[in-house]
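Going in written order, the chains are labelled A, B, C and D, and every chain counts its residues from 1.
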Amino acid sequence: MTMTFEDAAMALVEVGRRLDARGWAPATAGNYSARLDDGSIAITTSGKHKGRLTGADIMRVSLDGTPLTPGRPSAETGLHLALYRAFPDVDAVLHGHSPHAVGLSRAIPDATEWVFRGHEMLKIYPGIDTHETEAHLPIVDNSQDMEAIEAAVAAARLAPGAAPAYLIRSHGLYSWGRDVAEAEHILEATEWLIAAELAEMAFRNGSVR
Amino acid sequence: MTMTFEDAAMALVEVGRRLDARGWAPATAGNYSARLDDGSIAITTSGKHKGRLTGADIMRVSLDGTPLTPGRPSAETGLHLALYRAFPDVDAVLHGHSPHAVGLSRAIPDATEWVFRGHEMLKIYPGIDTHETEAHLPIVDNSQDMEAIEAAVAAARLAPGAAPAYLIRSHGLYSWGRDVAEAEHILEATEWLIAAELAEMAFRNGSVR
Amino acid sequence: MTMTFEDAAMALVEVGRRLDARGWAPATAGNYSARLDDGSIAITTSGKHKGRLTGADIMRVSLDGTPLTPGRPSAETGLHLALYRAFPDVDAVLHGHSPHAVGLSRAIPDATEWVFRGHEMLKIYPGIDTHETEAHLPIVDNSQDMEAIEAAVAAARLAPGAAPAYLIRSHGLYSWGRDVAEAEHILEATEWLIAAELAEMAFRNGSVR
Amino acid sequence: MTMTFEDAAMALVEVGRRLDARGWAPATAGNYSARLDDGSIAITTSGKHKGRLTGADIMRVSLDGTPLTPGRPSAETGLHLALYRAFPDVDAVLHGHSPHAVGLSRAIPDATEWVFRGHEMLKIYPGIDTHETEAHLPIVDNSQDMEAIEAAVAAARLAPGAAPAYLIRSHGLYSWGRDVAEAEHILEATEWLIAAELAEMAFRNGSVR
C-alpha cells in the first residue's frame, strides 16, 4: 500500500482526535508517526494538543532522525525510529497516555512486564489466533535519555510472546502496526485489557465482602 | 415489520458507532446482525473497526451460515445463527465488549451465572414488569470452538428467569431482541446493571471504613 | 416566562440527548416533563430511547393525569404530577438513571437519606448560599405502586435541608426546578456530588495502605 | 501576542465546551478568564452552564475588579485577579470542578498539599524539563471569603516546586498559564495526574490480594 505524506498527515490528525476523545491525549502529551513510501517518517511536531492537530503540525524526518521539513520533532522521535528500524513491516507507531496504564506501571514499581492471560481480546495482536495464550507487555523505567529506554526495552519487545506494545513507567504506552489503523487497534486493545483487569480486581475486592 | 438489507445495514452501522462511543467496541472487536424479510441474516464482516463501519462492511448469510454475498463473515457467526434458530421472534443479535462485563466474568471464574436482583432496570428485559424479581445472566467459558460455547449456554439461556443475554468469560456479552433497537436496549441495560453493581460494591467498601 | 408545548418539547428532547451522553439514560429508561403556560404538563411518552427523542415522543397531560394528546404517558407520570402539585413554582421535573446513584442507594439498604456536607457544589441547590451546610437527599424504597413511593417521600422532600431531588432505591434520581435548565443543573450537581464522594472513598481506601 | 475581547470570548466559550465534555463543568460551576491587551480581564458571568456559553456570557472587569461592561462577574473574580496581579506573565486562569480532584481534597482533610512525583506528565508544567522531580499542588480550605482563600494559598503557590495550579478543598481546581491554551493544558495535566494516581491506588489494592 502506498502512503503519501498527505495521507499520513490526515491519518495522524484523525488518530489524535480519537485518542483525545478517549482521554489518552491530555495537554500536549503524545506523539504519532507513519512510514512513508520513500522510507522517511511523518511525525507530529512537539508542543501541540494532539486532539486539535492540523496537517501543519506534522513534519517529515529521515530514518536516522534528520529533519526533512521545518519543525521541531518530538523529543521521543528516537523511540519511533528504533521501532521502524527493528521492524521493517511496521509502518505506524503511536504513543498515548492513559491514567490506567500509567497507574498500573506505578503500582508494580519493580515489574518488568505485565502479563495478559486468557483474553479473547488478545487476538487483536498479530500472530495470536486463540485466547488460550498469554501476551507479555514489557514495562521499562522512564529516563531522560531516550537511548536508555530503547536499550532497556529492545530485548523485551523482541521476546517470544511480546505484545506489539510497551509501557514506559510513569509515562505512557507505545504501540505499532502495519498501518495507523492497526497501531490504533493495538493501542485500544491494550488499554481495554488494562481496564478489564482493573474492573476484574474491583469485582474481586467487592465480591469477597 | 419489514427489514430490507439496506435498512439492516444502516441500523448495524449506527449501532457500531454508538457502542464504540461507549467504549464497548475496541479495535475490531464485536459483531452485529439482523434477520431480513427473506429469512437470511445481515451480519458484520470480520476485521473492521465497528465504530467506523460503512454499508460495505455488512454481508448476508443464510440461516445455516452459507455466505450469500461476498465477504468473510465473523468467526462468531454461528453463535448469532444459533440464537435466530432458537428464537423465531428474535430479529437482531449484538455482541459487545466492555471492560466491566469481562472483568466481572473473570472475577468469578467458577460461576455459571450472575444474578441481578431488585433493579427497576430489569423491566427493560421482555416479560418482566416488576422490579421485585431477579434475572439470571448466564456466564459460559470461552472456547475456540463456537459450537462448544453454544452447547454450554443453550440450556441456560432457555431457563426460566434467563436474561435475553449471556456473557462469555474473558470475551464479551451477547444480547438479542425483536429488532436492533431492542437488542441495543438490552445490551445497554445489562451493561448498566453491571456498572451499578460495581458502584454498589465500591460504596459498600467505602462506607464500612 | 412563557413555555409553549413546542418550546418544552424541544427542551426535553435536548435534555435527553445530554443525559444519554453522560450515561444516565440507558435503554428506554427515564422520563422528563415541563409545566406549560396553560397549566398542563408536557411529558415524554413511554418506551422510547431518551437519547434519540423527537418532538413526536412528547405528549400533554393535565395536572390530574388525563391525557390531552394521543400517546401513552410514562408509568411514572404520577410522581411528576405530585411534584408539580406540591411545588407551584416548579416547572420542570427530570428522572435520570446513573449507575453511581443506584449503586449508592443499594449499598445502604436501610438508609432513608444520604447527606452531602461541606461541598461548594451545594450552592447549585436553590436557597443555599454557603458550602458550610448540608443537604439531605431523601432515599425511598422502590415500589410498583407510584402512590406508595410518593407517600413515602412526601414528608422527606418537604423537610428542612432537603435537596430538590430524591433517589428511589435500585431505580434512579428525580430532580426538579423552575425550568428545564435548572432541573438539569440540579440533576448534574447531585450526580457530581455522588461521584465526588465515591472518589473520596476510593482515595481514602488507597491512602490508608 | 495580542488578545482582543472577541478572541478571548471565543476561547473561553470553547474551553467551557471542552471542560463540560470531560465532566468538569457540571450545572453552572466554573469560571474562566483571560487578560486582554489593554490590561483588563475578560471573565465569564455568573450563573450560566459553562458547556453552553455564548459570547454574551463573557464580560470585562478591570484588574481591581470594577465591571467595565454590563453583567454580574463570578463571585470568584477576586481569585482570578489575585493571580493576574501576582504573575505578570499569566494571561489566562481557569477554574474547573472534577469529582476526582474534589474527592482527593476531602480524603486528606488536614493536608495542605498533594505531591506528584516522577511523572513524565509533570513536564507540562512550565519550568520542568525532567520527570525526576516533584511538583506540589497546594490545597487550601474553602471559605465564603475569597480573600481568606487567597491569603491562605498565596505563599504556597509562590513556593519552590509549586504547580501552576491549586485545589480548594470540597470545591475545585484553579490553573493558569500564559494563554488559555496553556492554562487548559495545565488543568488537563493536573486532572490526569490525579486520575493516574487514583488508578495506581486501585491497582495496588487489587494486586495485594
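Here is the rule we use: contacts are C-beta pairs under 8 Å (C-beta built on N, C-alpha and C of every residue); 3 or more make two chains touch, one makes a residue touch a chain.
Please read all numbers here as calculations on a predicted model, not as lab measurements.
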Leaving out chain B, the still-touching groups: one piece
Labels of chains that are neighbours to chain A and to chain B: none
Interface residue identity across copies chain B, chain C - same or different by half: different
Approximate Å spacing (C-alpha centroids) for the pair chain B, chain C: 30
Between chain A and chain C, centroid-to-centroid distance (C-alpha), Å: 42
Residue list for chain B, restricted to those that touch at least two other chains: 198, 200-202, 204-205
Chain contact graph, described as a line, ring, star, complete graph or other shape: ring
Interchain pairs in contact, sorted by label: A-B, A-D, B-C, C-D
Touching residues (chain side chain C, partner chain B) in the complex: 23, 26-29, 49, 97, 99-100, 102-104, 106-108, 142, 144, 168, 170-172, 198, 200-202, 204-205, 208
Sites on chain C touched by chain D in the complex: 22, 118-121, 124, 130-132, 181, 184-186, 188-189, 191-192, 195-207, 209
